[in-house]
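In the two complexes that follow, chain A is the common piece, with chain B as its partner first and chain C second.
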Partner chain A sequence: MSENFSRRDFLKLAGLGAATTAVLTGCGPASRFVRREPYMQMPEYTYNGLSTYYATTCRECAAGCGLVVRTMQGRAIKTEGNTNHPLNLGKTCARGQATLQGLYNPDRVTDPIQKARGTALGRESGNLLDWDAAIQVAADALGKHKPEEIAFLLGLAPDHLDDLVRELAEATGINPPLRFGALSMFEARATLSRAAENLFGKSGIPYFDIGGAQVVFSFGANFLETWLSPVSYTRGFAQMREALSKRRGTFVQFEPRLSSTGAKADEWIPIRPGTEALVALTIGRLAFELIGGALPRAFSDVDPMQAAAKSGVKLETLQRLAALFAGSPHSLAIPGGPALGLKNGLSVAEAVLALNAIPNNFGKPGGVFFSAPAPGQMESSRAASTREMRDFITKLADGDIKVLFIHGVNPVFELPAEMGFKDALQNVEQVISFATFPDETALEADFILPDHHGLESWGYQQVGTGTAQSVLSGAQPVVSPFYNTRATVDVLLAAAKLAGGAFAQALPYVDEVAFVQHRIAPLMRESGGPFSAPEIGAFSAYFQQHGGWWKKGTDLLPPNPADVLNRDLDQTESEFVGEGEFFLVPFVSPTLAEAGANKPWLQELPDPTTTVMWNTWVEMNPATAHDLHIENEDVVVITSEAGEVEAPVYLYPAIRPDTIAIPFGQGHSSYGRYAAGRGANPADLFGLHFNQAGDLAFAGMKVTVRKTDRKQALSRMESLMGVYGEGLGQEK
Partner chain B sequence: MNSKIPEIKLSEEQTGKWGMVIDQDICTGCQACVAACAMENNLSFVGEVDAGYGRSMHWIRIERFWEGEYPEVKMTPGQPMMCQQCGSAPCEPVCPAFATVHSQAEQLNLQVYNRCVGTRYCANNCPYQVRSFNWRDYVRPEPLPNQLNPDVTVRRMGVMEKCTFCIQRIHKAEDKAKSEGRELTDGEFTTACAQACPANAITFGRIDQPESLVSQLIRKHGHGVKHLEELGTLPSVTYFKGG
Partner chain C sequence: MFKRLFDWLRQPLGLIAVGIVLLTVFSLAAYGIFLTQQSSAQPIQFPHRTHVGFGIQCLYCHPGAARGPSAGIPSQAKCWGCHQQIAKTQTSALLAPLKQAVESGTPIQWVPVAMVPDFVQFNHRAHVAAGQNCEDCHGDMTLVTIAENPQVFNMGWCLDCHRKAAGEDEAKLLKLADCGTCHY
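Let's turn to the complex of A and B:
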């Protein structure tokens, strides 16, 4: 495309051709999209046999990687990474690759619909609306209620919709939007942020420069799977391991169940659940004893002998690891994953972060930083902790909220059933969902006003962590909307206009693109960006063409290390809830994550450690299973204080005998044909116990396991004869 | 022997044209390559039951094995396994329909779908177990077919398929270079798996050119391994073992 003729200008012209449509629907935005044309009326820049490529942002998780999507004749053919995007540098994960199976999913919500709550989606179960009526519904919902009775629940990604609703809330007094996702629960983001606040005097998600480290100790952090920003952390891991240019880095993982991240470690320490903080502090003490000098207050109280006994890690091992950690100026300790989902998760996070004071790597290459703030990122805009979600649900149950708008999150599935989100909705007069797919939460709504798929949408997303640069990732439609859906921002703008009063004044934007331009306009005055333009039209075109805006050079902030070790750190073991004999480690499926289950190719990807496809399994140590007379694929019932879950057993050689593990991601009751009725949801087991920072103590349970007399075959990539000779009938 | 059928040279020195280098030390087993391959090459998904029978259509899979017992247990480094594009391929001579043949121009093992009659001899004879057979016409409900890559044939029941080293990308890049009157340069394009790999564990390129990135990596690393080399298959994929 020529430089003085922007894509936006082109689309304006293309829009003239589509004027009839625009008049009929009464909307400008339709003209912004490239339409699918029959071959006879091909738009002049589209040639048979040539692809066009559009830069946009991946919406499969909240990391915000840049994509370039190959399209052909108005169809999206393949997603690739955007090689210029600082977060992923041209790479993608499996979920990013499979995003087209969401776009062209056969079970999308195709039209705005009014329906009875709890019914499956079908033309017979609800009234299809036209968009004018649908917008009127949203307008009435806004205009006919008191501001404090209106609430928005949004997904984890800090995007332009979040900014719009925040603006609306500030101007009108409705409740500020809550952002939540199952990943923020499993990553315990609030805990990480609080630990940073306690140690460094400033909250925020830390950034770990794995690529520059020589020794990495990870306490449960699953940074090669779904944690925070997996593509960029995987790149960091590869740099750390790169043996050709420098000494190969060493990686040690501490966790009771070997995760797919832990499988890449040079050494796996199967630590007793609950002793993570104790072990971290012990390593700190032993390391300081090796270095010499006065023992700092943080590490002075631990007794290595006792720690070894409690954690099940030999004293010699602890000493060896301490020597390894103390022996490099580029050692790095990372807290994350199930280790933070303990009742003492905050203590674990603090103890592990404090280890970084031994090489004092704060703000240095290979060390700990604060993530670079994205352009426009506000301190107040952070994801809700699970306890904040519980408080919100209490408000819903009390009838304080009359209208609830839900976008980009599926709380009925993602939150523990015990939290009662579904029941609380009974006390909300009107629930309006913007879901793209008929997920469990959308089915509980009165109206579904479907948003476009991410690849059909305008917008931007702040990149919260994962890169040294300050990045605002740009999104544009790569294809025209496939169904009769409409951008949620456009719906809200139109509804606010209809609602009148403060609402109309709060959002004076013509449409979604105008709003995005309004928000990115301040970047025109910033220096250090990848492009510049004198006026917003051209700037906005460059923004879409490049896939976003980022500053050259690092914007990472060094934490203040002054007081890290000059404090008492809690070493007590975590308490566990429940009477069972097994520790339960729930983990996010590395291939499905929280919302991948509706994409058939993600279902057919083998889990990296077990190679199981299409289902849920329970991991159990073979020795334990032998004692309990449990064989592979025997269905067991796991019982916690909160509920029961049934799933077949997978004999997993790399898990502690006193621990079982179960992946999160399956167990949908709706969400399309590929997800519904498949596997089990471990969130049904979670009781309402929180760590000190308000994140759910999802790994702080003890459960019982009962064998049933049923078997269920698990589809797996590995040969059934492979692991223990079961296929040969040799199992004891 | 019919003089029109070229005789396959069986020499130790013979190298292919295109090759791959895989660093298992940094492969995390994340399955991004598997998904990328499926999206690029119009692979069918087969569903839970058929996948359980080992009929899934993965052209690339990540192998992993266990060593030792708890607590000294270790998972071996992820081993992406795809068609090794053998210089002397066991699959080729057994095909009665000449559906699996050697490309003289590209030095690749071709699979000609419209010749394949589904004897599955080639899969039986492949020591790497990388061929997958279409046991059914697998259903892609509308509108999923919209994402099909027009550069790649959609296969039907009774046809064998396997990794092609993304031959459609090779041809596209060669055509482009030719139309611009120049030689194809190393790194100008890559396969879908290598392009997606977040760890950069897979590198694709010309193994017959000493200055190409793959050749440099093989030299630099020094101890690359070719799988089942002792069978005389002359594979084009070199693995760097982890650890």
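Let's turn to the complex of A and C:
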């Protein structure tokens, strides 16, 4: 600074400048270059400048969490959990947050369309219909075929559409609807239910009160990711870990590949795939030996020494874990995930469930229950096992089914390619899809009669598991439909009327809302609900306003533990099919799963364990990779007896050297611009082998890995420099 | 080299040059700021005078004033509700933009007249509920075509009215003159 212009002068001048700017701009609007666009048609209940909130149900998976969606001037702008909903108490997972990107997705099916099978959606390949013509198509499909030639394939969620089709089936003799989803396949729901039947004499999905437990042993159950009801189980987990009012709970995860659930565990036991039942029974035996007394029949046959040798877990570790498990009255053992997707999956489920007899936690806080049945839930309306799907596909292939209606599920992508769903459709005269998005299955249909997006629809969903209360979750439109879509229930009601005969008599409802009201009307007479109303109009309004109906207090059913230990449990190791040297653990991507890949937020969300985005990867232990001269991001071909899949390698230290893992969620050939042509689908590798309960043995394969000479960079959050020393001049 | 430049700037001619540059920069900045405070032309020369003359209540077109922060600009469906029954709508040049907007389904882009800066949380509802009439702030609409602000909506003007409304009531004054009442 010169002598004439001091530091003080400079500051004065600068201050003056700032003050002038502030005076000139600060007291008025920053700009008057503003234009305002009023509505052309003002939606009802809209106040300018005020948000309107609607309670509804998340349709991203079948769990049935309650949402409250904030709308501003007729546009949904944010989803949050419904604080009062017993299942999720105000929380959502990433998929729930991203449901908006389904609503605003640029690749939605906008109009009813008739198209050639197997062609992409577009005005050239298809013939846009008006809804009268589209409903006539559905009516002809119903009316001009014998009832036994008509079938419905629905999504996993037990919703009002399922109830409607079930009613239609009972009245007219068409095939009862089949419900399926990839998640039920990966969760092995049928296996859990069958194991409960074998042990407790009653089938049903067990509910595990993780929140009240002190020691949790999970055999493959990925309950913090996608398993059964991840949001509620995550809350339970947080409650178990809470350490202000009690001792912090301990969590041990048994699985060959560290999942993101396993990553939250105190201890990860990388057992040899196939020895889950053996390990569980061994822990049972060792625990009983510690407690003292007669060894029950269930655990008496196992040899701990042999089990340690076979499973690759040291005997001392097994003893320590047995002591841990036996040491608390609130221990809990959970079977799930890939552990049940073995050829002996049912034995695993039984062995692990039997462990709960050690603290005898059945029907007690922190223990095992039967899930509370949702209002109106029927025993018969459970999801189909993968074997039932195979039988159904055989029926399709044999030409027994002439008309197939598909809603809420994408079997061409979700089922193993080996099952031949796509080929079987060739023998179905007419395939009518109600898809919201042009997914792989919709493209194989003759007609797409698009349903509204979940945030545009009425309805309800029975909450099958995940909460102690009996919950019927309500759904209502939070925005008016953007496109020329129509509610599938309304389409079916109209079509049934047109079809005449038994169909016209079967569904005496004016529209979807009338049907929903008809179904919830019996709840008006039930006591213990959150609200009451003398007539259905008001009751239904309360139902939508609260986001559903649930009873106060617990409705969990205690299992009957009398015979659990007094039986022989199978300890034999699982057989693996295929000639390869690696066990394959396919796991569901927590964010993408079966239908998340078309939402960029979810694609962009790093996988919790690997931080990879936008792609499929193969997890391989660095030691194994070193032996095979495979480097990070080398593309490898995985070959199973059923097929081949190509993907780049991710060196993952938290996996057994004899195991590789691959996520399920990518590999779409269509399903919109964000999903199509990205990554690989591990379902192409699955052979048709089932466990004893009819669920697919998706983790019961051995595969070979062949290196190609290509590399493919994986976009990931983690720094390669930090993980692999790349760029540091160190050995890769 | 810099020293030579500074030396030159310090002599009288140099000081004049510095003065000219500063003045230019300041004028440009002032003009730029002035420009941001000018609004563009309205798409339709909306005659408030005529509508109020027909006896239409303010709240008929701006119902948001009674129930929320924003009074709102009426949707063109509301305009059309009356105008489609008025023969002149089909022929008048003044109304051509409305007809065109309704037929093509594009919203009319109005230019707001009464605005407050973003840091002011203004809520119409509280003022209407307190018994203020629209014309108290917005002036007499029977006299104007396009709405005009009879005064600048600045803080002094707001506070003046808030103080008067409180009168001698200390508790009320505390509420009405609190910063957090409008700035939160």
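What we mean here is this: the second predicted complex is superposed on the first by the 685 of 732 C-alpha atoms of A that agree within 3 Å, B and C clash if a C-alpha of one lies under 4 Å from a C-alpha of the other, contacts with A are read in each partner's own complex, and residues count from 1 in each chain.
The rule is short, and it goes like this: a residue touches a chain if its C-beta (ideal position, glycine included) is under 8 Å from a C-beta of that chain, and two chains touch if they have at least 3 such contacts.
All figures in this text were calculated on a predicted structure; none of them were measured in a lab.
Of the two partner chains placed by the overlay, only chain C lies in contact with A:Leu50; chain B stays clear of it. Of the two partner chains placed by superposition, A:Asp570 touches none, neither chain B nor chain C.
Touch counts on chain A: comparing chain C and chain B, the chain ahead is B. In the superposed model, A:Asp266 makes contact with chain B only, not with chain C. In the superposition on chain A, A:Asp132 makes contact with neither chain B nor chain C. Within the superposed three-chain model, A:Ala623 lies in touch with chain B and out of touch with chain C [touch as defined at top]. Of the two partner chains placed by the overlay, neither chain B nor chain C lies in contact with A:Glu167.
Taken together, the two complexes place no residue of chain A in contact with both chain B and chain C. On the chain C side of its complex with chain A, the touching residues are 6, 10, 29-30, 33, 36-40, 64, 67-78, 102, 105-112, 115-118, 154-155. In the complex of the two chains, the chain A residues touching chain C come out as 2, 4, 21, 24-42, 47-50.
Across the complex, chain A meets chain B through its residues 72, 75-81, 88, 90-98, 100-101, 103-106, 224-225, 230-231, 234-235, 237-238, 241-244, 248, 258, 260-261, 263-264, 266, 268, 270, 482, 590-591, 600-606, 608-609, 611, 613-615, 621-623, 653-657, 673, 678, 713-719, 722-723.
By the touch criterion given at the top, residues 25-26, 28-32, 34-36, 38-40, 43, 45-49, 51-52, 54, 56, 58, 61-62, 64-66, 69-71, 73-75, 77-78, 141-150, 192, 195-201, 220-221, 243 of chain B touch chain A in their complex.
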